[in-house]
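The structures come next, written out as structure tokens.
Shared chain: chain A. Partners: chain B in the first complex, chain C in the second.
Coming up: the complex of A and B.
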């Protein structure tokens, strides 16, 4: 297989997805945009959680920083969201670097790392809820200023849809490109065996901080897009453990540490929970969360490496099976 | 090349390594032997930066390296293998070695070429694309060496690379390590397999309860009564 193949695959799938607005109605277009937002966020989480193996339960923090930064700057100073995006990137990078530096310097791992990240994103909910300038517990509504790329606002959903496709294609290409680079090998070494990684010259603390920054910045970008799509940010809708866990469920169900896993997870689960919300939202509120939980438990029980992992395994088994006759005849000769 | 002075490590009240001093010259093969729990691996951990010494100094090529983190020590040219093999289980043998190759090489393709060269050197080419978790113990021990070699060490610490291998496998490993030494890599060998260490070492250092009890050529060590009392026992021979 050519080295270019994975890139071509991403571009082809991206181009095909662009045809969807021709066939989807408003309700399904809304779901499609949500799929793209969550797929992007899950891909971003996958860098620290999947490749570096540090299971952050608090990436909502960075998504929230992105969403709130853009909402505040647009509302308060009437800036274009593109400036807000740059500020969001800078703020989230600083936050992720600082948190990463503290947490990894003191070698917090596994459950301890997860707990600190969840505590920080929860703390952010309460901090933001108590700052009147950020809208307090009610959050902030953003004004619709018209169908314009300069305002990152679109009249219909298709504008958001195409922007989402661009973002997801971008993050997939980025992941694929990074996969052959020293940095990703170092992250995988950290995930697989930290002592051995150190002994082979990998500065594990630095690698983890870099991964946290990359993941955090991309989550903030996802948060900016989220804010622009809903034109509303609330403490619980962008910060906190519910969104943080939602992000990682898609990556885990799809396949940790794989390029496509987070996308596959989001494509399957987001529509499921949205339809559940639509159908059962009144009679059984919260049922979509329950459903996501059940799918995740089933995945972990039956497909510990996610959907991508299960597919790879099936393919392997199929190849082995087609090779079986050879083994049999050799075995026959020996006996 | 390596100068260790007064190296000491305490774990609470236990003194694992006590005031150890020795030197290693370029091109030498040094055997570091002693009974279980005498502090050999602790010494290796301090030399490689995985463990901070409680006291003492380590100088490598005239430069103090005690207190440096393991990744820095490695990048200065001092690599180690682990007694309990430490592969990256879910990636292939080549990818395992690439992690070490990236110390000196930036591009992925170059690192891969270098990794394959190292696998060739330790005789693992047929397993280059096998996941590390599917390798046998002998293969994993070779992989440990290939990983360490990929970092281009000047001094290599080999921690029990022959332990747990069959007699034939020990011979293979022996040849491999001797080959590395002729290629100019200085080695310190921690080993219980006497045939292995006595055949390879130019000089042996014997420690017991963290302190050095003897130093000399393999012949001198084998005829040293103190070493017999502490470690080798009455029946020992080169075998």
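Coming up: the complex of A and C.
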């Protein structure tokens, strides 16, 4: 396979997806936008959780920073969301760098890292709920200013849809590009064996902080997009444990540490849970989260490397039917 | 911030904090046991407590059974409930990476929480028993009797589990499996069965907690979210697997919550609790009392 092939694949799939608005009605366009939002967020989480192997259960913190920054600046100063986006990037980078610096300097890993990140995102819920300027527990509505790219607001869903496609294509290209760079090799080395990586001269703390910043900033960008689409932010809708878990479910089900895994997970699960919400939401509240839970348990029991990992393994078994199966610890990377 | 509260407010806050702390210690015993023995972090532990609370609620509200007699049902039920969950989900992935186990138990917690939402609706449920109005006055401080009973239950439960682990053969087997599963197997201990027992026991304590809490607490599908986080905080403070540490951790967090609520406005007291947690994770992840492991 040529080196350019994975990039071409991303661009071709992206271009084909752009034809979808021709066939989808409003309800399905809404689901498509949600798929793009969650796919983007899951890809962002995948950098720290999948490649660096540091399972943050609190990336809602950065998503919330992004969403709240843009909502506050737009509401309070009537700024264009594009300025809000830049501020959100700066704030989330600072927060992710600071948190990463403290947490990784003290060598918190595994479950302890997960617990600290939960505590931070939950603390953020209570902080934001107590700040009247940010709308308190009720959150903030954002004003609809009209169909304009300058206000990052669109009349129908197709504007958001194309923006979402651009964002997901961008993050896929970015991931793919970094995969051949020293930085991601360092992250994978940290994930596989941190002591060995350190012994080989990798500055593991620095690599993890960088991954946390990259992941955090991208989650904040996803949060900005989320706020602009829903024109509402609330403490529990963008911060907190529930959102944070939702971000990572798609990456885990699709395949951790693979370029396409988070997208595959979101494409399969978001419509499923949205349709469950639409069909059963009134008679059986919670059905969509129940479904997420069931999928998560089944994934961990039967295909811990996600869909991409399972497919790669099947393909390997097909190719080496007589030979000993070659299985690396991430179930093979689909590039 | 409000630092101008009177001595009466402070002493009431401290008394309530000790009561709440006893409760927090009680609900955390199971988690510290499971975490300490199997190195498995059960993120569904809060939802197990939710199940225990609902069971106690239905027995009291529909069965008209005295809440303290429901212990006879809730404890065995939660023991077998825990064993069932362990058999079906956790036992097959005992050797998988820690994060996979966390994700799996998170999935279990989502399932339990939303099943409860479907079956029992999101309404807050509580029972009214004659115990609810029993108060004990000590000077300016008022202590509610059910909370005091829960505190005693917490002490007794901690001592009972400690005694069980120290003196019985099963308890020794659990401690041996916790220290070194391979060596324990070589000594003829059935480690998987021991794990099952420890998990069942850790779950059974939440049956007890459900029965002791229902006279003064409430239940709803999301009740385990916050209490589950509290369990983690208490266990980290006490050091995983450390029963005495768990009790001390419970008291510290109970006091932090009530004294924090007297000082900080609104729900900002929660932030205070989380800050203690984060500081402990950073500087003393082995807990208050435990020695640093090498």
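Heads up, the rule we're going with is that the second predicted complex is superposed on the first by the 320 of 335 C-alpha atoms of A that agree within 3 Å, B and C clash if a C-alpha of one lies under 4 Å from a C-alpha of the other, contacts with A are read in each partner's own complex, and residues count from 1 in each chain.
The rule is short, and it goes like this: a residue touches a chain if its C-beta (ideal position, glycine included) is under 8 Å from a C-beta of that chain, and two chains touch if they have at least 3 such contacts.
Small disclaimer: the values here were computed from a predicted structure and weren't measured.
Trainee: Please work out whether A:108 is in contact with chain B alone, chain C alone, both, or neither, and reply first, second, both or neither.
Mentor: Once the two structures are laid over each other on A, A:108 reaches chain C alone.
Trainee: May I ask you to decide whether A:195 touches chain B, chain C, both, or neither, giving the answer as first, second, both or neither?
Mentor: Only chain B; A:195 stays clear of chain C.
Trainee: Quick one: classify A:122 as touching chain B (first), chain C (second), both or neither.
Mentor: After superposing on A, A:122 lies in contact with chain C but is clear of chain B.
Trainee: So, A:185: does it touch chain B (first), chain C (second), both, or neither?
Mentor: So A:185 only meets chain B here.
Trainee: For the three-chain arrangement built by superposition, which of chain B and chain C touches the greater number of chain A residues?
Mentor: Touching more of chain A: C.
Trainee: Determine, under the contact definition given at the top, whether A:304 touches first (chain B), second (chain C), both, or neither.
Mentor: Only chain C; A:304 stays clear of chain B.
Trainee: Based on the superposed arrangement, let me know which partner A:13 touches: chain B (first), chain C (second), both, or neither?
Mentor: neither
Trainee: Spell out the residues on chain A that touch chain B in their complex, using ranges where they run on.
Mentor: 180-182, 185-186, 188-189, 192-193, 195-204
Trainee: Contact residues on chain C for chain A in the complex?
Mentor: 41, 89, 92-93, 96, 98-104, 106-111, 113-115, 117-118, 121-122, 221, 225, 229, 232-233, 236, 265-268, 270-271, 274-275, 277-278, 281-283, 285
Trainee: Quick one: which bits of chain A touch chain C in the complex? Just the residue numbers, please.
Mentor: 53, 55, 57, 102-103, 106, 108, 110-112, 114-116, 118-120, 122-123, 126-127, 129-130, 241, 245, 248, 252, 284-287, 289-290, 292-297, 299-301, 304
Trainee: Of all residues in chain B, which touch chain A in the complex?
Mentor: Answer in residue numbers: 48-50, 69-72, 74-75, 79-80, 82, 86-91, 95, 98-100, 102-103, 106, 108-109, 111, 147-148, 150-151.
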